[in-house]
Amino acid sequence: MHIGLVGLGKMGGNMRERLRRGGVEVTGYDPNPAVTDVPDLPALMAAVPAPRLIWIMVPSGKVTDSVVTDLLEVMDEGDLLIDGGNSRFVDDARHAEQAAAKGVRYADCGVSGGIWGLDNGYGLMAGGEKADIEFAAPVFDALRPEGPRAEGFVHAGPIGAGHYAKMVHNGIEYAQMQALAEGYELLAARSDLIHDVTGVFEAWQRGTVVRSWLLDLLVKALKEDPGLDDIEGFVEDSGEGRWTVQEALDHAVPMPAISASIFARFVSRQEDSPSMKAVAALRKQFGGHAVRSA
Amino acid sequence: MHIGLVGLGKMGGNMRERLRRGGVEVTGYDPNPAVTDVPDLPALMAAVPAPRLIWIMVPSGKVTDSVVTDLLEVMDEGDLLIDGGNSRFVDDARHAEQAAAKGVRYADCGVSGGIWGLDNGYGLMAGGEKADIEFAAPVFDALRPEGPRAEGFVHAGPIGAGHYAKMVHNGIEYAQMQALAEGYELLAARSDLIHDVTGVFEAWQRGTVVRSWLLDLLVKALKEDPGLDDIEGFVEDSGEGRWTVQEALDHAVPMPAISASIFARFVSRQEDSPSMKAVAALRKQFGGHAVRSA
Amino acid sequence: MHIGLVGLGKMGGNMRERLRRGGVEVTGYDPNPAVTDVPDLPALMAAVPAPRLIWIMVPSGKVTDSVVTDLLEVMDEGDLLIDGGNSRFVDDARHAEQAAAKGVRYADCGVSGGIWGLDNGYGLMAGGEKADIEFAAPVFDALRPEGPRAEGFVHAGPIGAGHYAKMVHNGIEYAQMQALAEGYELLAARSDLIHDVTGVFEAWQRGTVVRSWLLDLLVKALKEDPGLDDIEGFVEDSGEGRWTVQEALDHAVPMPAISASIFARFVSRQEDSPSMKAVAALRKQFGGHAVRSA
Amino acid sequence: MHIGLVGLGKMGGNMRERLRRGGVEVTGYDPNPAVTDVPDLPALMAAVPAPRLIWIMVPSGKVTDSVVTDLLEVMDEGDLLIDGGNSRFVDDARHAEQAAAKGVRYADCGVSGGIWGLDNGYGLMAGGEKADIEFAAPVFDALRPEGPRAEGFVHAGPIGAGHYAKMVHNGIEYAQMQALAEGYELLAARSDLIHDVTGVFEAWQRGTVVRSWLLDLLVKALKEDPGLDDIEGFVEDSGEGRWTVQEALDHAVPMPAISASIFARFVSRQEDSPSMKAVAALRKQFGGHAVRSA
């Protein structure tokens, strides 16, 4: 199989490599001349045999919108466009409609695995028509981890289902990280009692209920920098967590732990907290409690 | 009636004044010679007619423990000791036992109202024996706000019930402040749309569902310092909120909003967040996400 | 002044009455013949002198959309349409555009006060053009509570700002109610110690930091039904709370207490909890812990 | 090595088996004659060579207190007592003092792994004196999973540190389960879009960021009972989660996700929610909102 891959950044570049290792021919396009295989999208179309599979791996939102629009200018009827980026699932309906107007098929795929995916394989969640997902099977099989297909790939439902599943995956991920982080903070707060915080996490890796890949990574991080002295407690979020909670609100699903994880990140990025200013101001008003001047 | 009042700080000083305005004779003792009425506890005992009512108004914990112990050295059988400070309700059982060993009666009273209590009166929640509460009624009546007694005073239950009720009061207070503060932060975040944040809070004071004393105080604070620029988002907590949640945990009572309010205060006091360091470290490990160096 | 009022339900009916008491002439329209003043919208237009002020007071969402559309069929250039319902603020931009296409002016107004507004007056938050808000001033003045205008009315900003402020108001309201409710549950759980739960809340009404209108209402409810035995713990939500949190997520504003309040309502409406089923299933898997069969 | 093991229930019975497989001689005592190796504690003492290592594996709290007391009646100076149950870390100081009074050494060990520990090995966290931990090393090595010792065992610190680490482990476990459960509930709520909820979780097992043992168990549970129809959303908690949050409160550590997980369990066990009754009552009071009668 020979596919086109648009977007050769941190994720896309690794995926090109893993696909090639897995026997899939890949022509990659990226505006960065240092990494692209072809100079432009028409050249990409020329390189990939029809009916083409074009996989997009670019930042979600406006960049993806614009790449989809540009691609649909040059793709042909019967081609299949797959958005593998972290798009919001509602974008898929829009992109699928745009594609359908040109006779282009559309599917979406959530991809998890980060920088480790190159070697470990990527967890894949696809949404779309059965025939389209089957057409792309060799790509999924090259990208996913070794082992049973069902443990690294799912056809979750119709168009949008892949990104939806990935969105929920990231929501869960946020809360799993928060869980470990809260435990870490408490252990570190009791250094009078816990003499080996890193050792505690390390000892959880094989036999305990909390063993997990994120735990392994935390052990790795703590071994590199016990006390995490070199890192600031400033945490970005890339959207999926917020979307998860917004979906939960739309469907009356209680989501206290995942939402708490996102709010903790918001706070981590604030120079000062407007809400805590308000609470401090109130305490001063009713109790004459001393406040710190800003 | 003539009582002894131990502790003439921010709260105790004002209470002496309000009691006197209310026709209760008060002899106050404080280690601070600038405010005390008598030089020491024996002099206090000499000044107050038996059976004495001695009201303690000092910081909870070790200070109260020590004052109780010192007072029981000099008080006589049949006297009544009331702890009006913010003691943890479990301390009351201990203090009552200490008192009983000397034949001294004991009651506890939670007092709310802050620096406004002098003029507005204090909300009072008492715990103890019926006879002891009745003996102290003139004191409660002088301290509580005008209006029906039941709207400013309650005999909540046996010894400890007063401080328990006050503890829960403060837990509620934390979450009410947090509610206003979260709303404030969102309104302030949308200054593109909300051109008059102070005005919005002000407009809520008379007809809305959220009208409350804390709202009035927030309006006052915002008028003094729109934007709260002069105040840092650093918020202490004085214990009752934590105790409330700890009690909730002991009795399997879900308490998500009050606990969230306390955790927000904890975060507000951190220079950097160990848990957010851990999350940042994890994101770096799996995604190669950039982190900020500390 | 003579205005048209569309929607004479629980809120609209009371508002007609209060407006009339305040000297504003009101012609009301409602599909319910038992309450309407005129048989249809053309008759409403005929009754109200131009340039007309038409105030909508119907359920938010599709009903409001449809009423706006119907009204714009019959209103004339220069008329002013005010949506006083609980619309989502994003709807205002749409409705204003629709109105502008017909030369009709548009403003929005959040209204708080519930069934008590008839006698107490309503808290009002308006969004729109200065001239339009001024034109409607007599209506605002009749609806708002007595006292300084600024304590019951605000022109919060451009179109949408009124509903935005009302949305945040309701978010705060949710968390204030949750705060009282959590405190109530803990006090009720300790009936061994707190012998008079209703009395405790009653005693908070005059002197304490938590005094508020919602507290007064809780006292009223507890006096009518101590133990709240006649009421089920099943709580609807009308949208504004969810929108508040969704806005907070869009603007990276931490909102732990308000979101917790909404999630608690979601849970209250579930026959059984899918997430708790999942946790129970997990405990069974790893620990052989007994589970309850559904 | 030959040790005594007191408590042969679900955990203790499996541990005896694993220890024997690992070459440690075990004499077990349990009041249940069907499983015990010896009729009483004196017989246990007679069977185990001195200096003895006696390992307790019984329910925490009063049962452990009583077993410790009984054992100290029969143990000899120089023996080592290890509490391997889920005791609260503060109990260890007390037990160690009791033991020291008899010249008996004391250590504590948190044990994780549930019913899978027999085959997988147990994650172990020990607290105590270095010499005592070394004395018990053969036991730890037989119980822990294969692989590097540090990935299944830690000497976390002085007496109490083992149970402290286990307590935090369980707090993290609660939030990890809650994370998966919230994601499950949202996926299940969107069955219109997600046609294969079980398949989605299954596909996360090998390549994704959320891969973990708990995820594997959820897949197992969903395969046995898709929809989890046979299980009720009723979840017990065994104490460690509450203690974790209580410790967090004592040390001003924010813990929003772990506390949310515990509160969700509390709610799951309520027939009706007193706090939601209060909120429903409030909504009825101010808005005339319909309520459900209990």
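In this document, chain identifiers A, B, C and D correspond to the written order of the chains, with residue numbering beginning at 1 in each.
In the analysis below, a residue touches a chain if its C-beta (ideal position, glycine included) is under 8 Å from a C-beta of that chain, and two chains touch if they have at least 3 such contacts.
Quick caveat, the model's predicted, so the values are computed rather than measured.
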Which chain has its C-alpha centroid farthest away from the centroid of chain D? C
What rotation angle takes the CA atoms of chain C onto those of chain D? Round to the nearest 5 degrees. 180
If you average the CA atoms of chain C and of chain D, how many Å lie between those two points? 46
Taking each chain's centre as the mean position of its Cα atoms, how many Å separate chain B from chain C? 32
Computed distance of Cα centres, chain D from chain B, in Å: 37
Where chain D touches two or more other chains at once, by residue number: 114, 178, 180, 182, 185, 189, 209, 213-214, 252-256, 260, 263-264, 267, 273, 275, 286
Chain C partner, complex, touching residues on chain A are 209, 242, 245-246, 249-250, 252-256, 259-260, 262-264, 266-267, 269, 273, 275, 286
In the complex, chain C residues that touch chain D: 10, 114-116, 177-178, 180-182, 184-185, 188-189, 213-214, 217-218, 220-222, 225, 228-236, 256, 260, 264-265, 267-268, 272-289, 291-294
Complex interface listing, chain D residues touching chain A: 89, 112-114, 117, 120-125, 127, 144-147, 150-158, 160-161, 164-165, 168-176, 178-180, 182-183, 185-187, 189-190, 193-196, 199-200, 202-215, 244, 247-248, 251-258, 260-261, 263-264
